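Have a look at these structures, which come just after this line.
Consider the two complexes below, in which subunit A is the common component and subunit B and subunit C are the respective partners.
So, the complex of A and B:
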């Protein structure tokens, strides 16, 4: 099969997955117990049953779930319209886009640091197995991987704000709130230090451990022995033959992580009051805001699928076996 | 500049569709009603200079103060206020969060620029309270909508009001709201030049922010952090009686309800109810579960409403007395079985004791209650239930025995009294106990129309008596309002159950030199 056919087939499967996810999402949120109108208005207000009913009509909840609500929703999606959030009263698309940018900045920075440091540490540890470097990198990684996100975040927040005067929350200072992000980069940077550090530490361990075991496995292969026998230096062996082959599991891991971290930064965003998607997902769920929930989960599904697809594409370059099959 | 931290943004700055308390905190600063509640619980004029009702009890005449200007510099006219109230009356379902305040209004007019006249269909006793929530909104911003959805999707983030602060910017995504002082405020402008409200997504970060001085004020301090905050240098922690209370709901649903209630019928026995009340140690709940941050409760009208005017002080609390509770059940013919659980041969005293998962304190309260009940031969099966599922099981289904839950009453007793009326036990209604007393329902209507305050007070007291003695609710405790501020930077806050961040308090605040 040519690479083109292979990719087209993958693309087809991905689109099918998106459609299935959309349908499941629609059903899933509606079988949750409870009343979205009550969830939106809360308990401590004086909203008469008539007014609640008026809201129900406005949200389309007075109609049967199937076929009316379903067809309404599908019709909107078909027109590229994700609807209007019931709790925020703004178009879902605008909300998601605004938050996505912020989350991508945070996740992007955190992942880049974690990947680079993790791969390098893993490589060193695997290469210098049982040395002091290996033992300390291994210990650090195990701890970093096991530590609860929320706890680490709070500790870094307390330490960073007390000793270094770093901000306790938010994405920019109040004085800069009306300016576009690119105009206040130093301020944005100050707000990003602690959350990025937390994210880096948390993912670093995972990358390091996978890289270490992967490189150990590769270094035991016959072709490494052959390469050494040809008289290549240790460094050449490691870079030319070791690294490329050992990267395969890491690529899979990165793809999985990138997809899921779009939502997975919930804890970090919550600790640092960072205006991203994570907190939005949680709010949408507690308020049973169907349009927002559907939009958010669509975005999540698409990003996981996209990340997986890019891993597949990368594989065709990294692993000759994929091309052959 | 005073920097306040909280854990939620206002949902909107449009009074037509606002549900979160944070929205009302901001409304209080940027808008005005004709009246406003003062820290002592009495109503005073805001836009209104004075108001009076004619001998017919339905015609209200309200005179406005002089020199009131909108934030854009235009003069406010009485016709603007009349327009705003008429808008609510015309489309109650569009103005979903304010329409209740205009219920029973027949006609609102502005005979001249400084006078508003309101004619109602029947006498309205709590007019002052209602007028405090019917905010004067700027008509040109609100007169262009053609449907409920359009109006409610309008967030009014650049709100024009008449209040002591005006909008500088509200970026809801970034969680930052900045208000500038309105130096032209008709009652005299604030001494601070700016208010910043910042949203924190978790309470630990919020407290850390106060500690390091990133913020100056916390509107709601979590009870668990109160003692810690007290020890911070330069920080003043404030504890006030609050409006919230928590109660034990005893299933009181009518046998004729549709669907028929599902419960252990023994819960209806007045002797069982009294025994349950006697077996609850409220002081212990407050001391152990709430670490002292609360006070034992008795009636559904907390002592903070109207500065204490509406709370019935004559109610004699049922004393915590296990022996007495046991005797009540003995006398009523309930004998302990082999497993220690009492029965009268027909009904076994085993009840479900449920609570919504929303409140972290409830599980511990449930455990304490269950162990007390055990000492009087009542078995309580404790169960945590998701809030929505519990709501569905309770109203109007009546599928429960005992439930722990809470309320945050409005400043006027009308709302919390309405919660126990028969009419409210319908889908979307607020009644959870299913209490149904024709006498109570009639008293509820009477108090709505009792223009004479002391007459209304008598009715409201009587209603509290009824609820206390029939026990659809056993009120467990009243919550405290916990706030904190940087006293090394600001001074002059007025401490009251309304909080230190209401307009009247902030108008009094000055920076420490």
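So, the complex of A and C:
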């Protein structure tokens, strides 16, 4: 299969997945009891049946649900119109955009630390197989897998706030809320330590395991034997041939993990009252704010799908075997 | 018939002998069994009901009492006995985990066998479905689903909703595993022979394929149960559990909402989390060891050397070294 065909197939798959997400989002919203018109104008407003009917026509609700209403709704979503939040009385799009940055910062930091540590430790574990490093790495990832994310957060929150005096939640201290960003950076940093640490521990195990198994696989390849036969040192072999090729699965894992990452963010932002998309999701759930919930789901799902597609595209550039084909 | 059962007994004995030598597998079995026993014997292990409120001499509720004041695990914000809540919570957590795992196992096996055996369009559709489920972030999807189901006022317990949502979303890894096994088994000679003498598809699946993959299904179910217990605890922590039938996740939700952390009530938020780790770690250890013993595909790399060609023995040695 040529590279073009491969990319086209991946693109087709991603498009199909996005369509499935759109359908899920549309169907779930429409099977909710109650009239969407009421949802738009608010729950406690009394208006005459004539006006309601006029609104229904205006919003296209007199048309058949499929395909007219579906295409109409998707068209609105595509233009960024995600409706009005019931609890916050503001456009869902604005709310989501305001929270997005905070979540990206948190996830980004957690991922970077986890990847760097995971690659280094996984490399050591795989290289010195069955050594103390290897055994502890395996034990760590096993236990980290069995620990619920939110509980790890609770423990670090309790320990960090009582022993290290770190803040118990939020993004900046209340006194700093209205100050410009550069003035509150140290405060922001202090608030980020515990949630970032939780995320790092959470993601670390998997990167470590993948790196370990992929370095083990690479070290069994013929070109490693060739490199050794040429007289390269262990270290040179590992760095020049092993690391580069073993990194490939990490790229896929970063993208594949994004869904998992998002789940982690929902738990951790809830535990640390961190003002991002995850906490917003949880708040929307508690307040039964469906437009907000649907908008957040749409944003998260589509971003994860697009990230996966990007990883597939990137992969074709990184892996010489895919490139050659 | 008699010969068949002796042979079954012998292979079971052989299995037990290999399993017994595996310390991690034994540890896993121990962790799971203790939890199951505690859940079953809950009324015998505590004099209280989970809803009973402890009171001091003056009749006031004994809130946030430390283990030193009220043993063995203190009381919560309302004065309930934490140990009692913990072992009764085991019943809920395990029930949800086991039932959700069972649903995932049935759905995954059905899809896996159908796709692997019949191939073609069915197989293609199944693989695309699992691909899609892999890409959509699972927690947001579950939250949206559960929120919608709740709003529909179905008059079912939140626990039933959780069981079905978890069971119907986490079957994909099972389906893929079973499919790949069925693909190899259906090419084996005994299947061709059975077909040559006129056996139908149903007969071949029931008599030849199912017995071959059954051990693997069991091992995989144990792994899925650990996922299900973890997912349930998270959803319950986010407030989707049943407050009248608290699982460990629900207890942690109470502890978090009612400021157990700022009150320093570690006896309230540590034990339920440790219980989740205890049983999910047990399931993972048990499931991994069973899978290693039963999955022929998990043998070592062919370049690793001759002595490691037999997977079971290799794993034994590795684990012995790990536990030494």
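A few comments on the model shown:
The criterion applied here is as follows: the second predicted complex is superposed on the first by the 243 of 325 C-alpha atoms of A that agree within 3 Å, B and C clash if a C-alpha of one lies under 4 Å from a C-alpha of the other, contacts with A are read in each partner's own complex, and residues count from 1 in each chain.
In this text, a residue touches a chain if its C-beta (ideal position, glycine included) is under 8 Å from a C-beta of that chain, and two chains touch if they have at least 3 such contacts.
Remember, it's a predicted structure, so these values are computed and weren't measured experimentally.
Contacts of A:177 after superposition on the shared chain: subunit B is touched, whereas subunit C is not.
When the two complexes are overlaid on their common chain A, residue A:49 makes contact with subunit B while staying clear of subunit C.
When the two complexes are overlaid on their common chain A, residue A:98 makes contact with subunit B while staying clear of subunit C. In the superposed model, A:158 makes contact with both subunit B and subunit C. After overlaying the two complexes on the shared chain, residue contacts for A:270 are found with subunit B and with subunit C alike. Look at A:131: by the touch rule set out above, it reaches neither subunit B nor subunit C. Touch criterion not met for A:233: it reaches neither subunit B nor subunit C. In the superposition on chain A, the residues of subunit A contacted by subunit B and by subunit C overlap at 32-33, 154, 157-158, 161-162, 168, 270-271, 288.
Listed in rising order, the residues of subunit A touching subunit B in the complex are 32-35, 37-55, 58, 84, 87-90, 95, 98-99, 154, 157-158, 161-162, 165, 167-172, 174, 177-178, 269-275, 279, 288.
By the touch criterion given at the top, residues 128, 131-132, 134-141, 143-145, 147-148, 151-153, 226, 230, 233-234, 237-240, 249, 252, 255-256, 261-262, 264, 266, 269-270, 272-273, 276-277, 280-281, 284-285, 301, 303-304, 318, 321-322 of subunit C touch subunit A in their complex. Taken together, the subunit A residues at the contact with subunit C in this complex read 13, 16-17, 20-21, 24-25, 28-29, 31-33, 130, 135, 138-139, 142-143, 145-151, 154-155, 157-158, 161-162, 168, 216-217, 220, 256, 258-260, 262-263, 266-267, 270-271, 281-282, 285-286, 288, 290, 293-294, 296-297, 300-301, 304-305, 308. Remark: subunit B residues 3, 11-12, 17, 19-21, 92-93, 96-97, 99-100, 148-149, 152-153, 155, 169, 171-176, 178, 196, 198-202, 204-206, 208-209, 211-212, 214-215, 386-389, 391-392, 407-408, 410, 415, 426-429 touch subunit A in the complex.
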